[in-house]
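Two complexes follow with chain A in common, the first pairing it with chain B and the second with chain C.
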Partner chain A sequence: MMRLPPFQYVAPESLEQACRFMEEYGSESKLMAGGTDLVPSLKLGNLAPRHIVNLSAIPHLDEIGFDERSGLHLGALVKLHSLEKSPVILEKYPAIAQAATCVGSPQLREMGTVGGNLNIETRCLYYNQPDFWRAFRPTCIKMGGDTCNAIGGGRKCFAVFSGDLAPVMIALGARATLVSAQGERNVAVKELYTGNGAKPLSMKPEEILIGIDLPAPEKGTSSSYSKFAVRKAIDFPLASVATLVTLDGEEKVCRAARVVIGAVGTRPEEVEGIGELLEEKRLTYELIEEAARLAFKAARPIANRGSSPSYRKRMIEVLLRRALSSALSDTELGKEHMR
Partner chain B sequence: MKEAVSLRINGETHELFIEPNTTLLEVLREHLGFTGTKQACDMGTCGACTVLLNNRPALACLILAVACRSKEIVTIEGLRKGDQLHPLQNSFIEQGAVQCGMCTPGMILSAKALLDERPQPTEAEVRTAISGNLCRCTGYTKIVEAILAASNME
Partner chain C sequence: MSDAFSVIGKRLPRIDALSKATGEAVYTTDINLPHMLHGKILRSPHPHARILDIDTSRAERFPGVKGVITWKDIGSDKKRSFYGAIQPDEYPFAVDKVRFIGDEVAAVAAVTEECATEALKLIRVSYEPLPAVFDPEEATKPGAPQLHEHAERNISWRLYQDLGDVDEGFLQADYVREDRFVTGLQCHAPLEPHAAVAQANQDGSLTLWASTQRPFAVSWDLAEALGVAPSRIRVIKPHVGGGFGGKMETSAVEFSAVYLARQTHRPVKVVLTREEEFLIGRRRHASTFHIKTGVKRDGTITARDCRSIFNGGAYNSLGIVAVYLSALFLNIPYRVPNIRYEALRVYTNNTPCGAMRGFGSPQTYFAVETQLDMIAEELGIDPAELRIRNGLAAGEVAANQMKIRSTGFAQSITSATELTGWHEKRKRPKAGQGIGIGCNAFVSGPRLRRLPRHTDAHAFSATLMRAHSDGNVTLLTGSADIGQGSDSILAQIAAEELGIPYEQVLVVAGDTEIAPLDYGTYGSRVTMMAGNATRSAAADLKKKILLAVAERLEVNQEDLHIRNGFVGLKDSPEVSIPFSDAVLLCQKKLGGMPAIGEGFFNPEDEGVLDIKALTERGVGNYSPAYSFGTHVTEAEVDPDTGQVEIRKITNAHDCGTPINPMAVEGQLQGSIVMGHAYTLGEEVRLDEGLMLNPNFLEYSMPTSLDACPIEIKLVDVHDPAGPFGAKEAGEGPIAPTAPAIGNAIHHATGVWVTELPIDPERLLQEMERKVTSHSPDEEEKA
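Right after this comes the complex of A and B.
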């Protein structure tokens, strides 16, 4: 059995208490909610924090709220499993339910949380390995060394952001609330990610993500999330696409369009030029082809996950073509998982 | 630093004095002898260590035992009533759904969580419910049949 390294453990019962702990421990600590991302990293020796602050006992952070004016609120401790079942999410934000449904396995979704999935560590074939495996290679940048083993001799870390919720949240324009002993701040979910594989999250060490808010969807809006992975259950994405499209009337004039691609870079990336290409035009299959080509060009995977970069890049194009075609043909997105 | 932890397992209270870096799986198997909960990948992938936490399936290898205070834990040992096996256990035996046995406790507990919530599931729901439990003998057909048969008995 793999043992966990020693650490001090606290489980604060209020947010104020949690903030005080984080103020004191800062970068020597790790926050824990479901533990499904943190515990494997501890077992592999990727992380060895001196303190673990378990947020699970903090009240009211597991609530889902919706109102037509202010939109959707998701507490950071909402379980991924609850997203799959919530009637308001299934009706108004189907992409969130789709993304939650394809995370890990039923057990992991019972344990994993919204906050944890948004704050998931980046992954790499050369990083998510036990100590003894890594010992036979130079220490990589993410482990504190100065070289990249995925790109021999590389000076930058390309570890892949592999969360399923983040692309959807960015496409839907979600904002995150972060608190610390110094106060509260509200940032776009997009701003949570640095693009640096070695240090992918922009939150300060003492900050705690307590929840996210999304605007109410406009009329005619459809959202989707599609994921490519080797197995339908358990696996992290190897490429993923989140879309938001607002179509107006019989003519299907596109009023808003956003595409975010995931698992092909160090952060979820909004595809530039999609809005300019599609907005205020009638959505057609020709336009969808152009959009798919834009997404293909924006994806720049490298050989550090369990499928070839060229295949993952091609899958981004395929997933986007399917998602937009589905929005155009009015078939309800997400009835069938497109992987 | 060791902490006193009181855990409710299969309806009984167990007093432990453990380090916070002890997983629930270590406590179950090594401290208390509940070896029905299997250890396989130890990384949250295979589902062999599945237990029920407040009636929902969870992976004992990823849970800190100190985080399980005030939770109701059920392992495979907690399913039988006296000499009577649980209907799912009987069904697995009758349908020949046990091969090497390594995935069986986790499979049965995932199935129990499903049947408690949906007593008459479809085959697709059964397959989704056990999608986090890997069987390397690949005897999935009989496992699915056993769960469906148990659901019809109730």
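Right after this comes the complex of A and C.
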């Protein structure tokens, strides 16, 4: 049986309390919300923090708010399950609901939160293993060693960011609010990720993510999230694509387009050149093919998760082609979910 | 099903349903004894290395540690502590060399599991790493690293079967084709990992609670190793959370618990973690088959020439059995008059492969059944029809001497095709959709004793039965219910034979101290063998009871019967004595002796099976009865991703007369889901012998959303050997899953599936090649 290692458990009842604690002990602490990502890592011995700071008792962090002017606010402790059933999200941001539905299983979504899913650790077949297994190979970079076991002798960590929410949030232009005893700062969700597989999250040790804000969708905007995995539940994505497309009028002229790919690199990656390719043009199947090629090139998975890297690249292309074709054929977006 | 039965053929709930559903059922892991210690096992980090030295002194001094063992505490006497079927080659703990990553080197018992885990890190093992080999074809080449001294070219076993006149058979053929098929590994992944709790008593005896399929085998193996009489080693099998063939052998888990308990004089519990279970569980063999088949213009098979190579891993385990079973499966369900087959099992530095549900049949039938469809297409014959034409009939004897006494093979094909609208769908496929067929045969228990150093003075199964004066009956059996529900089946058989309600039969099973010897759960033997033994014990008890009642009523015993718990006169319904009173009459007549029934079963009405002929040539009538079945599978292929969605699997299975149709359906569904996963999902990802996905997150067993709709049709053909006509149901139906899916994919896309598990990327590439190729048929032939 796998047991938790010893740690000190703290459950602050206010944000101030939490910030004060993190100011002093942040570097040796781990924040916990639903615990669905953290607890397995503790059991496997991937992480051994001195303190676990459970944020669940802090009031008002589980609220969903919306108005047409300021857009959507999601507290960091909003459960993934709440995203799936929120009427305003289903109506205005269906891609968020879709991404939430893709996570784990109903039980995990009852526990998992927005903040937790955005701050999920990167994954690798050589890292997410118990101590005795990892002892069969040299200590990897993510565990504090100096070699990558996935790429024999590699000097860089390629652990994969596999969160389902982040690509959508980045595509929709979400911003995150981080607080600490020093004050509050607001950053684009995109800025939360370093691109370093070993240390994928940019938040400072003393900071706490308390919520995210998204602009109200413009008229004609549709968003989507599609995920590729082996099974229909439980799995982390092996490839994922989030899109945001604003089409104008009968002519379907593209006014805005953003594509973010997930689970094929150390962070969710916005595909460069999509705006230049699509904006102010009529969306056509030919353009969609070009966009799909761009996404294919942008994806650089390595063999450290299930399925082959070449196949995962290909699935990025397929997911994007399907998502944009769906936007073009005017079918309801955000419903596309591949296995 | 016959209305003459009151319990047989009824959809009755299991006797343990309530205790399992409520969580009351006790498994080995639940057992905690006073002063119990926890054992953990140290494993080799190398796929192949010489052990130069093991220093356990620091671990021994670690606070909380009470015992440490290595091979030195067990000795290296090959006669005593060496295991593996047919040709033992493995010690509980590595002696001179380690041969795979995870090979057991030492074990520690400590006051807590955490303490034992920490102490393992203090054991210093000096290794001299040796070159390793993972591919079986590489391993047979000159100069390849040699794993075992006794095995030249790393050949763990070679079987050569030569029946009829193969060359003549091919001369008679109008069409011959040769194909290559490759299959992958599969893990048992039982929900309950291997677990054991051992208690060493002051008088030298031992009690062991173990998650095992064969309590008697564990008891005998330990007795041999310890030099203790088997009766002094009591093995108790609590509820078991699945075995699937993976818990047939005594393993390092039981040895560790027992040796540590003897060393520390305290009870010791050893439970594998999920990752350990995946890492060291004896997997289904990966294999390569080259199969050449000749047929007449009408599809009649004239000859078959086949070569296979099984990747055995580091030790024999039960793997040699998979080799000779594959030879049997080439002989059924089709009439193949001339067969030549060479099979090699090869040692490599991978986790050893052993027994797994279907044992040798999924690999063999993947090759046979896919190639039959290729032949059918070539000859323009309906694949279902081709199979019916070649099926062995009742009364026939296969080329290797297997006797078909009953068969519902043709009916299974007819049922499955009729239920699915086969002919219509074959003619008019929808885009991207296909329908495919696959068939199989399986055994109903081997006519072979599976305790190697064992006398044949024992029956294959024996049952004792005691009637209580309240009318209940206790059944003592050494068979092992590991979740398949066999205890309930035995209760149904006893109740039917005795004429009492099912609820009045109590089953005490899987305890070597109180039950008569039984070889346990494997080869789909329990219903056939323990079932017949149980029926025979019930008949014995009934005879004694009816004799006493007949005396009291002054009637002939033959005029009496027992129905619904009452003894009565067949012709006069008004005469009726409760079964409980009849038990008292019986005891009184016996002067107070308890009313006991004794029964046993030996399938050897035609002589003892020649083990040499079986293991070296695959010849002999292996089983008292053979089951037959057909899958018709409907699949859809995504043209962009190459992913395969199974719309439905329809399985018609000849299980003889079903004792409990609900239980049979459960077994069939389980086999099908496992086969589906073997075909499409589960993949053991390896890097130089190390499993990269040893957990439920990355080893993709299907979730409830991934399993496909299943329709079952039971083909009820009474078998003369089976208890009330019953045959196998728990293993066979896994085998047709892969070829039926592959054949459906071919129907949908034109691509033949020749490698398992099906890789969507490869399928996609082949689909594209198909589209761009101008003459796909030409390419096929080449």
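Keep in mind that, in the parts below, the second predicted complex is superposed on the first by the 336 of 339 C-alpha atoms of A that agree within 3 Å, B and C clash if a C-alpha of one lies under 4 Å from a C-alpha of the other, contacts with A are read in each partner's own complex, and residues count from 1 in each chain.
Everything below uses one rule, namely that contacts are C-beta pairs under 8 Å (C-beta built on N, C-alpha and C of every residue); 3 or more make two chains touch, one makes a residue touch a chain.
It should be emphasised that the depicted structure is a prediction, and the values quoted were computed from it without experimental measurement.
By the touch criterion stated above, A:Lys142 is placed in contact with neither chain B nor chain C. With both structures placed on the common chain, the touch criterion links A:Gly306 to chain C but leaves chain B unconnected. Once the two complexes are overlaid on the shared chain, A:Arg3 sits against chain B and chain C alike. Once chain A of one complex is fitted onto chain A of the other, the partner contacts of A:Ala11 are limited to chain B, with no touch recorded for chain C. Of the two partner chains placed by the overlay, neither chain B nor chain C lies in contact with A:Lys227. In the superposition on chain A, contact is made by A:Trp133 with chain C only, not with chain B. Residue contacts after overlaying the shared chain place A:Arg267 against neither chain B nor chain C.
In the superposition on chain A, A:Arg258 makes contact with neither chain B nor chain C. Applying the stated contact rule after C-alpha superposition, one finds that A:Met315 touches chain C and leaves chain B untouched.
Judged by the document's definition of touching, chain A residues 1-3, 105, 232-234 lie at the interface with chain B and also at the interface with chain C. The part of chain C that touches chain A in the complex is made up of residues 43, 45, 101, 113-114, 117, 120, 271, 273, 275-276, 279, 640-641, 643, 645, 681, 685, 690, 692-694, 697-698, 700, 702-703, 705-706, 760-761, 764.
Of all residues in chain B, only 1, 3, 19-23, 25-26, 29-30, 39, 42-45, 47, 50, 53, 56-59, 61-64, 66-67, 110, 128-129, 131-134 touch chain A in the complex they form. Considering their complex, residues 1-3, 105, 125-126, 128-133, 135-137, 228, 230-236, 306-308, 310-311, 314-315, 318, 321-322, 338-339 of chain A touch chain C. Chain A contributes residues 1-9, 11, 35-36, 39-40, 42-44, 52, 54, 56, 81, 104-108, 110-111, 232-234 to its touches with chain B in the complex.
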